[in-house]
Every structure is written in C-alpha cells, then in structure tokens.
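So that we are looking at the same thing, I have put the structure below in structure tokens.
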Amino acid sequence: MINLFAYNIPFASIFLLMISAIITPLLPEKNRLPEKLSCCVIGLVMILSAYLLYVLTNSGAPLSFNFPMGHFPAPWGNELRAGPLESVLSLVFCAAMLLSLLGNFSSTAEDIAPSRRQIFCVLVNLLTASLLALTYTNDLFTAYVFIEINTIAACAIVAVKEGAETTRAALRYLVMSLVGSGLVMIAICLLYDLTGHLLMQNMHAAIQVLVRTKNYLMPLTVSLALITTGLAIKSALYPFASWLPDAHGSSTNASSAILSGLVLKGHIFTIIKIFYRVFGLEVIHLLRMDNVIFILGLLAMIMGSVHALRQNNVKRMIAWSSVAQVGYIFLGVGLNTIAGIAAACLHIIVHACIKPMLFTAAGGLSNAAGHKKGLHALMGTFYVNQWAGLGLAVGAFSMMGIPGFAGFASKLSLTLASFDSPVIIWSLAALAASSVLNALYYVPAVIVILTHHKDAHKNFTAPAPTYIYRDKFLSGIILRAIVKTYHEGS
Amino acid sequence: MNEEIKLIWQKFFNWVSGNGPRPENEVIPPEPPPDLPFTQKPKDKYTRFHEATLKERYNQWLEIHGLHIFSLIYSGLSVLTCIVIVCLLLATVAELPPFGDEKNPANNEVIRRYVEHGGHETGAQNIVAGLILDYRAFDTFGESAVLFTAAVSVLMILGVSRRNNIEESSPDLNESGQNFLERAPPVNFHEIRQDDSILRAVASLSIPAILLMGCVVVINGHLTPGGGFSGGAILSTALILCANAFGFERVHKFFNERTFIISSSTALMIYALSKGYSFFTGANHFHSIIPKGTIGNILSGGLILPLNICVGLIVAGTLYGFYALFSRGDI
Amino acid sequence: MILVEWLLLIFLIVCAIAVSISKNLLNSVIIFMSYSLVMAVIWVLLRSPDLAITEAAVGAGVTSVLFFLALRKIGKLEHNKDDENN
Amino acid sequence: MLEKLFLNHYEAAAVILSGIGLTNLLLQRNLIKKIIGLNIMDTAVYLFLAAKGYVEGRAAPILLENGSGGWLNSANLYVNPVPAGLVLTGIVVSVSVTAFALALTLKLYEYYGTLNIDEALMKMTQEQQELESKIDDAEEEVLA
C-alpha cells in the first residue's frame, strides 16, 4: 500500500490548480502577482507528480491505484486512476506548462494587457487542471466535462491576445472543437445506453460481454467511430487539422506553446485511454478502427510536413509540423499493439516537451528580429539571442530525429514497435519520408538563423529573456524516455 | 387585436434592432415598416453598398484563388456527411435496446443503489439532486468550473478589452479604420435606461415574486425538481428585469464587476472546499462530520443544500454578467 | 397521448429545419426559442422535471436572450457604422 | 428496421435533430446560425439521453412517501436518474459554450463587420497584402 500522502496527490493536484484558478481573479494585478502565483502552483503540482512517480515506481507498491471521489465506491461514484503513465504525463504537462509560462514571461507582458493577463492566468490554471483531470479520470462523462473546460479555456487562450486575427482563429478553433465535442457526446450517450456504465473498467467489462455474444456490434462500431472522430478533430489529426495553424500561428507565444504542446496531448491521451481502457485492443482490431487511425496517421505525417514546407511564417511552419507530429502519435496508436501505444505515449511526452520549446524559441527569435515572423526576417538572429537560437536548433534536430536528441528515442521506439505489425513497410516508409521532409524545412530555418547578417545591429532589438530553463529540460528528456519505456514494458 | 400584436412586435423588433424603447410613439410608430424584420431592413446607402461590395469582393476572391469550386465541394460534402451521419445513426438507433423497456442495460445495479439507498446515503428526496451533488459530484464540480471558465472568458473578450481600449486606446487599430466600435463613445447609463412606467410597475411587483420563486427553487433543490442551476437562472432573470426596468445604474450600485468576481469566486471557493473535504474524507475512509439529516426535511441532504445555494449564486451572477456584458460591454 | 408525443417530435424536427433554412436571423432565434420550450414539454413527458425546469429557464430563457442581445448589438453596430460614414 | 425505429421514435427524432444541428454547425456560413445549430445538436443529444432513461409506467425520480411516514424506495418505481443528472450537467456546459461563442462572434463582427468566417478570412488576407505592399513601399523608400 502506498503512503497516504502519495495516495492523495492526483486529487490534490487537480484541486490545487482549481483553487488557484478561483482565487486568481481576487488578487491585485500589481507586480504580475497572478502569474507568479500560477507558476508557483504549477511548480508545486509538478513536484507532487514527480513524488508520486517516485513512490509508484520505487516503493514496491502496486503500480496503479484508484481514488474514489467521494464516499461511494467504484460504479456509483466518480473515480480517478493513477499509475506511472498518468503521473509521468502529469509531470510532463506541468513542467511544459511551467516552462512555457516562464520562457515567455516577457513576451506575454508585451502582447497582453495587464487586466487580461490576470484572466490569462485563470485560464492557464483551469487548462492545467482540466489536462490533469483528463489524465487521471477514470470516468467517461467526467472526461467529457473536462474536455469542454479544455476547449473553452484553449479558445480563450488563443483570443487572449487582442486583435482581429486571433479572434478569427479562436472562432474557427471553437467551431471545429464544438463539432468534435458534439460527436464525443453522442458517442458517450450511445455507449452509456449499451453498457449502462460510465466508469471505464465497468464499461470495458460490459463491452467485452457484448462483443463475445456478438450483440450490438453495429452501435459499438458507430460509437467508436464517432468518439474517435470527435477527439481526432480536437487533436488535429490531418484532414481535420485546418484550424490548427491559424490558432497556433496567430496567438501569443505562451499560448501557442501551451496549445500545441499540451492541449492536443490531452485529447490524444483521452483517445488512447478510450482505446485501451474502454474498448480494449482486440475490440478495436475487431471493429477495424486501428486501420483507419493508422492510415490517417500516415497521411498526417506526410501532409503536415508538406504543408509546413510551404509556409514562410515561422510560427505557422512549426504549427504545421505539429500536425505531422500528431500523425506520428496516431501511427503508434494505429499499430494497435502495446508497444505501439507505448511508443505513442513516448512521442506524446517528447513532443509535449519540444514543441513548446520550439514555439518559445521562435517567439524569442522573432522578437529579436523586431516582431517579424517571416523566415527570411530571422536571418542572423542567433547572434542576438543565442539561447533562443540554440533552442530552435535543438528542437529542430530533435524533431528530425537526429540520434542523441529526444525525438530520436521516440522515432526509434515507433520503428521498433512497427516491426511486429503486418504494416511495417508502410510505417517505415512513412517514417523515413516524414523525417526527410522534416529536415527539408527545419534545416533551412536553422541555417537562416545562423547566417550572419551584416545589418544585424541596426534592425534588431534587445535580446529576449533567458531560455536557460529550456536546456536543462532537454537533457532530462531522454532519461525520462527510458524510464517510461521501462514502465510500459513491465 | 391585430394592431396590438403589431405594436408589441414593433416594440420587440425595435429593442432587438437596437433602436431602444420608444415611449413617445405609443400610438403608431411611423418607421420602420413593421413587417420587415431587422435583417432585411432597408439600410442606409453606405451600408448596403458596403455589404454588397463585401459579398462581391468575397466572390471575386473565391474565384481568383480557385476556391469557388472548393467551397461548392465543401457544401456538398458537408451535406453528404450529415446525411451519412444521420442514416448511420438511424441504423444504429434501430439496433439499440427498445425505448422504455425496463430490461435495458442502463437499468442495472448502479441505478438500483441510487434509488434504494440514495435516500439514506445522501439524505436527499430528489434522487437526481443526490446523484449530481453527492454520488457524481466531481462532474458537477467540473460543470461549475465550465461556467466559471466561460464567465471569465466572456468578461475578458467583451468587458476587459473595452475598458483597456478606452483607457489606452491602441493606435494601430484605429488607424486601419477597422475598429469602428472602439471609436464609438462609451455607452452611458442614460442611453439604455427605459422610462416605461408600465414596465416599472410590473417589475416592482414581479421582481420580489421572481426572487422568492428563485430562492424556493434553489433551497428546495434536494426535495423537489430544480436546484442550484435552474434556481440561479430564475434569480438572474430578476436581476435582468431590474436592470431593464430601472436602468443598469440601479443594479450597478450593488452588483458591479468587483462584486461579480468576488461573489462567484467566493461561492465557487466554498463549493470547491466543501466538496474537496468530502472527496478527501471519502477517499481516505475518514469519518465525515457532516450530518445527513432526515429525508424530506428542509435541513437534509448533508452538503446538498449549501452546495445548491453556492451554485445558485454562481449561476445568477454569471448569467446576469453575460446579460450585462452582451448588452453594454460592462457589468 | 402517443399522438401528442409524435406531434411534438415532428414539431421539433420542423423547427430545426426551419431554423436552418430561414433567411432571417431573428426568426431563427424565435423558432429556436419555441424549439426549446417544446423540448421542455417533452422532458416533462419523459418524467424528468428537473430537466424541464432547467431547459425552460435556460434554453428558452437565457440562451434566447443572449441571442437577442447579440442580434441587437449587431444592429447597433451597424447603426454606428452608418452614422460614422454618413 | 422501420418498426424498430417506430419503437425507438424518441431516439430516432433525437438522431435526426442532432444530424440537422450538425449540418448547421458545419455548413452554415453565418456564425449565429452555426451557434443555433450547436444548441440544436446539444439539446437533441440530451433528448436522446433522457429518452434512454425513461421506463414505461414509472415515476419521476423523486422519492414518494408511502403513507406511513416512510419512503417508497423500490427501484421498480422510478425512472433512471442518471441521464437526468448527465443532461443537467450538459445543459450548463452548452449554455456556457453558447455564451462564449456569441461573445467571440460579436468581437469578430466588431473587427470585420461580418458574421461569416470566410469573408473575414478574405478581408484579413487582403488587408495583409495591402499592409505588406505598404511595408515594401516603405522599405524601398528607406533604401532609396
């Protein structure tokens, strides 16, 4: 049995974030107090998650436990479930959130008016709380409610930077997300009707019975298809990803970092949970959803990179690259093996760490170039803001999958995972093609920022703040990746 | 009779189209013609020209970029998708367990416990109230958080931006001529204020009744249908009516942005803390000190009554806040 | 009783179609309001009085008021625009 | 199949309504109508859920007195309370989402003077082009 303190951490982390969101509007706006408070709380939650991970992996306790929310046991009340994977994800989410906030501390001040900044903090806290709730929850309807919080908070975070473009992007994002959540809601209703439960393990048992007796196979397929489509829209799988570059490209740097690093991941992890915990991999295979996901993942890997190649705006380029990376994750999910899902989780973590860094670095570079976002305008910015330049380079190498960087580990595990599956040729070809395409747009970007520009001193403004946080971060990633695969394997 | 309906329609129409009340033309309003709803209203020359050009420019733009076909395909595809979805879902529905049958999978041991033990486990007579505020309270907490998120976001989008813009008007927006609203003078109280004596008389009679009704619905949430959310919505209508009849300044005296934020944050905080206490004690198998009371009494249901009051406060404040923000961009 | 149910359901569908094809936003909103009211009645038939109260207060009340306010504000904005440009 | 649809008429109606709502949400160019479509879809889903909770001949889930001071708490007397609870939550969610979407729509109208996202996109791209050409001109002047 794990100790009482660690046992309460999942609940405590969600509630701490909620409470800090609730009291933030009451704080004075002076001294950027709200932002400091949210950073502190997110940092605290990060430490708590790390401790939970430590306890879960080292104490010889059972690897996961259920936490009933209230006085009533499993099928009657809500429940949280925490295991190593959940605690790793919450640790990564909190860390990425904290670093995105700290790394963009000054650009946030430039982009957002003070009174909006306070609300921005409320939204960030709510977003983190909803992400953690999505990570820990064991109940489908709770997941739906927190998906909605996530949606509203994410759209509001896009719109937090005032301007015509962000408003349009936020609306577009909102409409697409609402289509997604509508589909998810329909699917949850169907599943509730078929199984009579909302809790994941009870649903799983009921679905196994239904499949064994070959009852209601068609409604099951439809609900699976609907819930997958809904969440795929929200997590920007390729044909549904048209909203992403707008939303991520136009908002303030902190928002882009948070959105593309974390919000997408929350939805993807929900899909993985539904596949793995609600339906079970055999049922997914039986209902043919794995093939669909696999093909869409392949498509996203290629098309995301192709779109990214055509962009001139550096933030939009990185946003389209997110679409390609989401494709990698779905490729892993579509392999429909334990190894595939482990690789997908690993890529979620890697991408959640690197994408915020890329956005932060790109934001820092474009600030250094006088708030221009065109790729050619960034020429030589490395020499103005070395940390940001280094961050962009490291992130780019990692995205390309150069050995020694974090992206390599996840691409390697994806490759290894696809060895067992009959579709190995396709997945290997797509991995190779996508890596080459990644290189085709990331390498020129790195070269551009490294090229010495003789007018550098004239145009460029003062360097952006330190990005030192970013690098410490990265060295830990590979280590964590290994820990993670170890847990999935065991 | 017909004339009266026309007159009422006219008033409503004027209100919606933003022309405000016209107490002086109680007899027969001269303009605009009553049958034309506001979207088809003949507009001033410039606007019509402007909208026409916008449409034209839009069509041209579609053609230039070769998007016309794309937009047609998009429309066709979405209709097709929806037909496919409807057919698929209809086929699914045909396979689902039959309607109203008691042997449906949903009527399982979970429901049995809710009904059979719900009474003494939660102390609430209304099973739904016990369900959402005790058994599945985490969902409901999430729901309040959704409302809070939306309130804060709408405040940010409509309220705060306006305040900032008036204080430190951003030059780049005004230069491009885009932001015509920001150049409009800020709305003052007098402009919206209604001098309708009938409305005032009716409002002063009905506002206490509505408030009472709202309180009854909130406080009896664990005994009868209703509860924090519906009661809060009723309470907010009393505030809205007050603002409409006596002007926003009256409401502003006791309910402004500061009180809005303080009241909803405090209520949500009480909600979170009390629910957190009950989650904590429940999960750790500690004894909870909250008495359940006897079913059917007003003081029963453990935490449900205070939680309903908190939710009612949040909802009333938030919905009035939405109203105020939408109608004048400030609370 | 069955007949009433069917009538109400058909009314809902007609309302939904009318909302989508009506050219006038104000009409759409009013039709949507009646849709919500009928939905509240149906929920009473389905033995869910809690839902009926909430839907009547929220769907037919608050949501419609928000739509009206939005339309009104758009009308108002157009007026401002006209005033400024004339 | 048709017979079963007649049997499940509430669900069938709910499904058709949600299809119409979804069409509106996807297809309509006008944002206000999109949002109405969203509301139709949401209420349709709630109708589906509420219909799923209904059981023929049972009472609303509020405990009835049994005449001797006790409560009738047999599970065979009341309809399923879970869908009602879920729908209550869902209604709050949809009204919050509606308010938020309408606020964004108003903001869009302030900026672009249109309720159509595509027209707004067009306006934006054209303005960007104008702005870029202006910047180019300015740069050329500086260079000259």
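We just call them A, B, C and D in the order they show up, numbering each chain from 1.
Heads up, the rule we're going with is that a residue touches a chain if its C-beta (ideal position, glycine included) is under 8 Å from a C-beta of that chain, and two chains touch if they have at least 3 such contacts.
Keep in mind that what you see is a predicted model, and the values were worked out from it rather than measured.
Closest to the middle of the protein, by Cα centroid, lies chain D.
Centroids built from CA atoms put chain C at 37 Å from chain A. Annotation: 12 Å between the Cα-based centres of chain C and chain D. Note: centroid distance chain A to chain B, computed from Cα atoms, is 31 Å. In chain C, the positions touching at least two other chains are 25, 49-50, 54, 58, 62, 66, 70-71, 73, 77, 81.
Looking at chain D, residues 9-10, 16, 18, 20-23, 26, 51-54, 58, 60-62, 82-84, 86, 88-89, 91-93, 95-97, 99-100, 102, 104-107, 110-113 sit in touch with two or more other chains.
Those residues of chain B in touch with two or more other chains are numbered 50, 89, 91-92, 95-96, 104, 106-107, 110, 114, 126, 128, 136, 139, 142-143, 146, 149-150, 153, 157, 161, 178, 180-181, 225, 227, 229, 322, 326. Annotation, chain-chain contacts: A-B, A-D, B-C, B-D, C-D (touch as defined at the top). Across the complex, chain D is touched by residues 50, 54-55, 57-58, 61-62, 71, 75, 78-79, 81-83, 85-86, 89-96, 98-102, 104, 106-107, 110-112, 114-119, 125-128, 131-132, 136, 139-140, 142-144, 146-147, 149-151, 153-154, 157-158, 161, 176, 178-182, 223-225, 227, 229, 295-296, 315, 322, 325-326 of chain B. The touching residues of chain D, when paired with chain A in their complex, are 18, 21-22, 25-26, 31, 34, 38, 41-42, 45, 48-49, 52, 82-83, 86, 89-90, 93, 96-97, 100-101, 104-105, 107-108, 111-112, 117, 120-121, 124. The touching residues of chain B, counted against chain A in their complex, run 88-89, 91-92, 95-97, 104-110, 113-114, 121, 134-139, 141-143, 145-146, 148-150, 152-153, 155-157, 160-161, 163-164, 168, 170, 178, 261-262, 265, 268-269, 272-273, 276, 278-284, 288. Put simply, chain C touches chain D in their complex at residues 5-6, 9, 12-13, 16-17, 19-20, 25, 28-29, 32, 35-36, 39, 42-43, 46-51, 54-55, 58-59, 62-63, 66-67, 70-71, 73-74, 77, 81.
Taken in their complex, chain A has these residues touching chain D: 141, 145, 148, 151-152, 155-156, 159, 163-165, 167-168, 170-172, 174-175, 178-179, 182, 185-186, 189, 192-193, 198.
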